[in-house]
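Following are the structures in question.
In the two complexes below, chain A is the common chain; its partner is chain B in one and chain C in the other.
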Partner chain A sequence: MANKSQQQAYQQLAKKHIPKPDYLGNSLRAFLVGGAISALGQGVTNFYLSTGMAESEAGAYTAITMIFLGALLTGLGIYDNLAKIGGAGSALPITGFANTIVSAAMDFKSEGYVLGMAAQMYKIAGPVITYGVTSAILAGLVKWLLWG
Partner chain B sequence: MAGKFVGKQTVTFSSTPSVLETFSIVGPMEGRGPWGSEFDTVIDDEKYGEKTWEKAERKLVIEAVSQLLAKSKLQPSDIDFLLAGDLLNQITSANFAAAAFPISFFGLYGACSTIAEAMILAAMLVDGDYGEKVIAAASSHNKSVERQYRFPIELGVQRPPTAQWTVTGCGSILLGRGDKSPKVTFATVGKVVDMGAKDSNDMGSAMAPAAADTLTAHFRDLAKNPSDYDLIITGDLGKVGSSILAELMEQAGFPLAGNHIDCGASIYAEDEDVHAGGSGCAALAVGFGSHFYPKMLRGEVKKVLLAGTGALHSPLSTQQNETIPCICHAVAIEVI
Partner chain C sequence: MDYLVAFLVGGVIVTIGQIIYDSTKLSMGHVMVLFVVGGSVLTALGLYEPLVKLTGAGASLPVSNFGYVLTQGVYEALLESGLPGIFSGVFRLAGGAIAAAIVFGFLFALLFQPRK
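Right after this comes the complex of A and B.
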């Protein structure tokens, strides 16, 4: 087996052959796709506000609408193609969160509705929920300690 | 060392088994590629009318073996051994497909080197007089592999430029005694090489050192040079791995003489979004079976060295942050 220094020397050699991702282009595309999704979300909020809804209520309805759209586009096989272009721009908005759950649910349906779909649908989203809740508790704790 | 060994890692075959027939079945995307018209069957539905991707892959294997039998006008009872493998856990595609045939079966796992491993063992079985006709087969399915090794299929992920696209297909190859050319002349059995690569989205640079190791051993053992072959055909090093292999072979003193071709890097049309090229057990199996083997039959190519490379990691080993051990098996096939 190759020793550590041989392995390191090889990693150096290999690095020269590995194409660099197009960071600038990727960032620009992520900005455009993420921005478009966010603008759509804003449009939806404005629509709900125009119906006379309170701001907090409109926010909740917007989240529900955007999650529905993300789930629908995932089911139709469109969201992953959008993500190919958008990268983080399509992963970060709430539509991306819907995509992680729906795509996993679709994938694991073949292993049954209980141990497959239901058990595995949070495979990708699980960490987001776990660490989201954990950091919310921590932030709440800090706020309570500092300001009561 | 036994009498059929040449040098340290290479074996020879006194009866030079023949490559009697091949059959390839591939998915729609492979069918759109430059070799599309050469495959025996191109399916237009990736699920192949089945309920799961795994069932679809199994059907590809069953089809590849039964159609190979039909093409060779043989019955399962004419075949002494079936050697097959794939990428799924516990090689279920091969194991379940083998249940469809009353043929003595060896299930193999060499990751994407499986077809080369199967051909070497098949040639040894024939040469050792254990069988007259042996089938070697290897399959992979983009979707079943994607599910097992990476993410859900519809998950929106951006793949890095080094990522490869698993080939959907199955290639089966019939080896046996006979006068028919081309023949299997030498085989170099690879050793596992681990150069510390960890990125499972960059199989090419993980596998290239294994390919260089086996190819160097092959040329040393036989006192040959890359230019002694018309073509050196690797399975799925992809664009990145191929470019690293060229540098490693240069360093080893066996520079590739412009005669290296990688099935993974060649199987897809230029405009497909496959990043560094194709990968998977099927890449070499269908590439050799449908593109290079017919060229040999027509006499356009006389001597080829097939080098199947495999990354021997698992989803679990990747999650545990282990390195990716790799292997490469080489088989020399010549028109005599």
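Right after this comes the complex of A and C.
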């Protein structure tokens, strides 16, 4: 039986050997990939604005277009390669949200089209929608209670 | 100029997520949830809308924008129809993106096979 100080010494030793993430490199790659996706989104928004759309409408169409692209590139296997480089830079834009749906759906295809694919595709998107809707409604309730 | 602003702001927002991911034990799914709730809180504080107005896609492309459109939809409906609006308004602005994610997600997953 190892005593407490031995255990602590072992844990400290083990901690030293866990590889530290490359903070600077990861951040830089995330910045470049996330920035590039945002700039592309700006291009899509500018295109819709040039057709005479209102700002909010152009924003909604941009989101739909970027989701389409994210889903398509995931299907083609390109987005997952981008994710290896970009990390949060490819996961956190709205294209990354589409990526979580398509990749989960493809992974569970073999378990059937209803309880496999259609159920499992919301593995990450489900929590995102659940927490988003709940916090939005709570924010609305707080506003109503405070200001009517 | 608007491209540069979108690049820089979008880049900074996702870098915050990368730093959270690298320095905690949270999964990327947790970070996404954190961003959506964060976007909702910043909207409630009146901060996210000016950020979108100033920086365009830089603020509207990251998933934090999802929290913004959900909350903003609730606020708009609250003004028009009172308390029931907090339920009916939540998908008003975000509905298109959610519908697109469900349909395109499902169809592209049907069409393509996973790679090893």
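The rule is short, and it goes like this: the second predicted complex is superposed on the first by the 139 of 148 C-alpha atoms of A that agree within 3 Å, B and C clash if a C-alpha of one lies under 4 Å from a C-alpha of the other, contacts with A are read in each partner's own complex, and residues count from 1 in each chain.
In this section, a residue touches a chain if its C-beta (ideal position, glycine included) is under 8 Å from a C-beta of that chain, and two chains touch if they have at least 3 such contacts.
Please read all numbers here as calculations on a predicted model, not as lab measurements.
Trainee: Between chain B and chain C, positioned on chain A by superposition, is the outcome a clash or a fit?
Mentor: Fit.
Trainee: Which of the two partners, first being chain B and second being chain C, lies in contact with A:Q42: first, second, both, or neither?
Mentor: After superposing on A, A:Q42 lies in contact with chain C but is clear of chain B.
Trainee: Could you say whether A:P19 touches chain B, chain C, both of them, or neither, answering first, second, both or neither?
Mentor: first
Trainee: Figure out whether A:Q8 sits in contact with chain B (first) or chain C (second), or with both, or with neither.
Mentor: Only chain B; A:Q8 stays clear of chain C.
Trainee: Using the superposition described at the top, determine whether chain B or chain C touches more residues of chain A.
Mentor: Touching more residues of chain A than the other partner does is C.
Trainee: In the overlay, answer first, second, both or neither for which of chain B and chain C A:K143 touches.
Mentor: Only chain C; A:K143 stays clear of chain B.
Trainee: After lining up the shared chain so the two structures overlap, which partner does A:Y79 touch, if you call chain B first and chain C second: first, second, both or neither?
Mentor: first
Trainee: Using the touch definition from the top, say if A:V128 reaches chain B (first), chain C (second), both or neither.
Mentor: Only chain C; A:V128 stays clear of chain B.
Trainee: Contacts for A:S27 in the overlay, against chain B (first) and chain C (second): which applies, first, second, both or neither?
Mentor: second
Trainee: Looking at the superposed set of three chains, what is the minimum CA distance between chain B and chain C in Å?
Mentor: 6
Trainee: I'd like to check the shared interface: which positions of chain A are touched by both chain B and chain C across the two complexes?
Mentor: In the superposed arrangement, which is not itself an observed complex, chain A uses residues 21, 26, 74-75, 77, 80, 87-88, 91, 96, 100, 102-103, 106-107, 123-124 for both chain B and chain C.
Trainee: Quick one: in the complex, what on chain A touches chain B?
Mentor: For this pair, the touching residues of chain A are 1-2, 4, 6-8, 10-11, 13-14, 17-21, 26, 74-75, 77, 79-80, 82-84, 86-88, 90-91, 96, 99-100, 102-104, 106-108, 110, 123-124.
Trainee: What does chain B use to touch chain A in their complex?
Mentor: 51-54, 147, 151-162, 193-197, 202, 205, 208-209, 240, 243-244, 247-248, 273, 323
Trainee: Which of the residues in chain C end up touching chain A in this complex?
Mentor: On the chain C side, the touching residues are 2-4, 6-15, 17-19, 21-23, 28-29, 31-33, 35-37, 39-41, 43-44, 52, 56-58, 60-67, 70-71, 73-75, 78, 82-83, 85-87, 89-90, 93-94, 96-98, 100-102, 104-115.
Trainee: Flag every residue of chain A that touches chain C in the complex, lowest number first.
Mentor: The contact residues of chain A facing chain C are 21, 23, 26-27, 30-39, 41-46, 56, 59-64, 66-68, 71-72, 74-77, 80, 87-89, 91-98, 100-103, 105-107, 109, 113, 117-118, 121, 123-125, 127-129, 131-133, 135-137, 139-144.
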